[in-house]
């Protein structure tokens, strides 16, 4: 299986759509734990990316360029906590994709591992802090291990996303240690972390792209 | 029939009580037509009078003094529109009662006529402007006429209060021409004027005092 | 209605208490009357005294505007109620330096009566008093009955220019002339989005649907011209300006001072969005903005909404608008 | 939720638009980035640049504090969201006069990351940057984890003293030292009564019962320590002060600057009632109030409630607190 630049661009289109649909839900989670803007922020960021997809990136074939423009565009549109986090992810990932117009299975695996490392470096959060990292860290670990084992990106990705989902769900039972909700203490129990949720949407959407691709 | 200074003081006690009971209703009317404070203002004013009744005026026997202290106390406690209006009423009335420790029927009639003239002079409102005057003007006219005719204060007062009541009720069908509600135009239709209402309570309470007195 | 208060009956007392303690170098209470506040600073000899006042609940109006370059004293009323004559008289006596005192207040039945009574009493003490009523609210009566109009946020400009004139040594008649001229050239109109509530009742001051606003609302929650559906900021600004222009035609190259005033709970963010449109419209008409004020200048407790005020300025008024001010709630360099 | 806005997505753009048009003699937008605003006035050569910034919705924070004696420039974020590095960098470049730039911002994950990235970029352009985080909110973490605390209204005092120090010619290290010292000696705690809502969602930022308040609420509506039943102003002030004193013991004859800050929709009347109690308590303890500020200094849109901030001042800080300021939303003589 491989992914063309066009399909890669299309992935970002789909993220835009998913975020738009889940915007209210993400805000609702953030109202309980933080300042209530996570859905709005994600939407502003992805709408801005979407505009780039329709203009500057329309005929772009360098997947590295696409990834870094997506990251910078997202960052400049939103700032916020997630701006630097996701932007760093896409920019670190861009290094893996540099000059590539077609992504192989291992490019894909490497991209996502780099992405997650970028997020972790930027935010310095640990698993268990009730953040994006609770979704992304188990996801990347599983992806790396399973892909090394099987070289089957579809299967590995799907297992990784499941691990990410479990990570996301685990945030319900966590006390926030970082970010706006870290002052909530016990009151943060029971609510799923908005960032962990949006991170899950981002990887889940990629899985769907792979699935569609695999049956072509 | 005659009224002692003690009974005159007691009248003011009763007004305090009546106003306290009708406070919310007076505010409600004023919310529809003005700034919603008429009940609060009346309450502040009469509570302040009440304090004077229990202290400075406790053993006062000069009804003129009582009336002017009530007026000035009310004024200083509230300012507002009704402060100068009612205060002027009581102060003009005080002139009639000066040095009197016992009020005759004609003192009573003269007092109220002077009271109403005071209010009218101060506020310059006309009957039909949707104010206190809509209650007080017909009340005073009727009182003067009926008392001149019959010399029966109880009967005259009771007819006068009825005239005042009709005047008060007539404000429902009036468009405000003065005071805060004068900008409401047609929207002031259907709501009874708060000032006309409090004026009615003041005279109605006096009628009750007379009635109790008459059966002694 | 949640409020940061103790006993609702003491809110005005306690506010004044806090206020004089917070700004002891600016303001002090007179011993004669605890609703009488005067500047704590020495003012120049022979200066005309500026006395302002009205009900509480409009802060910074009115006590916030006592200080250098604005008012010398203020008589403080109950919430939304004119002060009685006594505190007005005490302030008058305290700030009169022989040059007379100008009373500046909004055109409300209560204020008219109480300030009028105070002026009569001052007259008996041989103090010259000039009374100037503000009547800037175009929504409150048609132009033929301009003298019936109530004063709203435009009072700020009347205080500003009259205060400056007194500070610059104008005599009693001249200060009063400036105040009247400013009022003459000032028009305001407001819109109410959400009501306030009196501390004592806790009840909303007016009823309004979730999707409605009250055009021409008074700054005590008095009903305005009519309720209309909620609209975009630009359209609201256009509507308010339309009424103002109809009332006071402005020509190309006229100059104005602008005030976009918040009623209490409307964030500055929204006020600046309103201002943005005001500027656009004035620009289109070729009217120059000489100076702008955006913020809470005369409020109605926690009411939501805003008003727009335009004052047409000539060279004389411009000089007075620019005069520095140092009050606890308003400073201008 | 009724708001005076046009398209909810454009509120920040339109606010900035209105703001720069209202105060053209104070502030201008950089061509390089429309979220980058700098003072329109000439500042002294070799002055250390003061850069402030953060999310929108806190007005007067942060753009309201650009002017003489405070900040030289501001990077403006979306509502309640840190600005990205780009506008921060552009402001940095514009206000650096070779003496370096101090970044002053609240301790929020987003701000830390974005200002940090901007500082790295500035470093690549050979601009010396010092970063000072404010961490005044005692409710946001225990004293052992002071570095985790968020910055709330106490930021005002950090801007005030650092801005004054830069204006008085202090060098980069010294300005940063002053900012850190001020933060070190500053404690705040707030209480939330009613939520605000984001223009884009219209949803209340937190849930609270009709008879409850949130102790220690953050100024983006982040939940605080706990919900407690609504209480009298005096008791609320006592409670907030109790937490502050426990955190920063003050002794007899210590001197403090006080800020009673409104969160947006709380009338000044209530803030002064709160101040009244603060003054009483400090007096009882023999602590002297050097200077007081009461009003909306750092808000959360139309949130209801307030915070109390105490800054312990010595001679050095007193001189800086007294330094004159001329900003569009804050002037001090």
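For clarity, chains are labelled A, B, C and D in written order, and residue numbers in each chain start from 1.
Basically, contacts are C-beta pairs under 8 Å (C-beta built on N, C-alpha and C of every residue); 3 or more make two chains touch, one makes a residue touch a chain.
Because the structure is a prediction, the values reported are computed rather than measured.
Q: Using the contact definition given at the top, which chains are in touch with both chain A and chain C?
A: A chain counts here if it touches both chain A and chain C, which gives D.
Q: Find the chain most remote from chain D, comparing centres computed as mean CA coordinates.
A: Taking each chain's C-alpha mean as its centre, the farthest from chain D is B.
Q: Using Cα averages as centroids, what's the distance between chain A and chain B in whole Å?
A: The separation of the two C-alpha centroids amounts to 74 Å.
Q: Centroid from C-alpha atoms only, then distance chain B to chain C, rounded to Å. What do you get?
A: 32
Q: Nearest whole angstrom, what separates the Cα centre of chain B from the Cα centre of chain D?
A: 54
Q: All pairs of touching chains?
A: Every pair of chains in contact is listed here: A-D, B-C, C-D.
Q: Can you list the residues on chain D that touch chain A in the complex?
A: Per the touch definition, chain D meets chain A at residues 9, 55, 77-86, 108-110, 113-114, 117, 139-141, 148, 150, 198, 200-201, 203-206, 216, 218, 220-226.
Q: Enumerate the contact residues on chain C facing chain D in the complex.
A: Listed in rising order, the residues are 2-6, 11-12, 14-19, 21-23, 56-57, 59-60, 64, 193-194, 210-211, 213, 230, 232-234, 236, 258, 264-277, 279, 292, 294-296, 299, 301-302, 304-306, 326, 329, 331-333.
Q: Touching chain C in the complex: which residues of chain B?
A: Listed in rising order, the residues of chain B that touch chain C are 24, 27-28, 31, 33-37, 39-41, 43-44, 75-85, 122-123, 178-184, 187.
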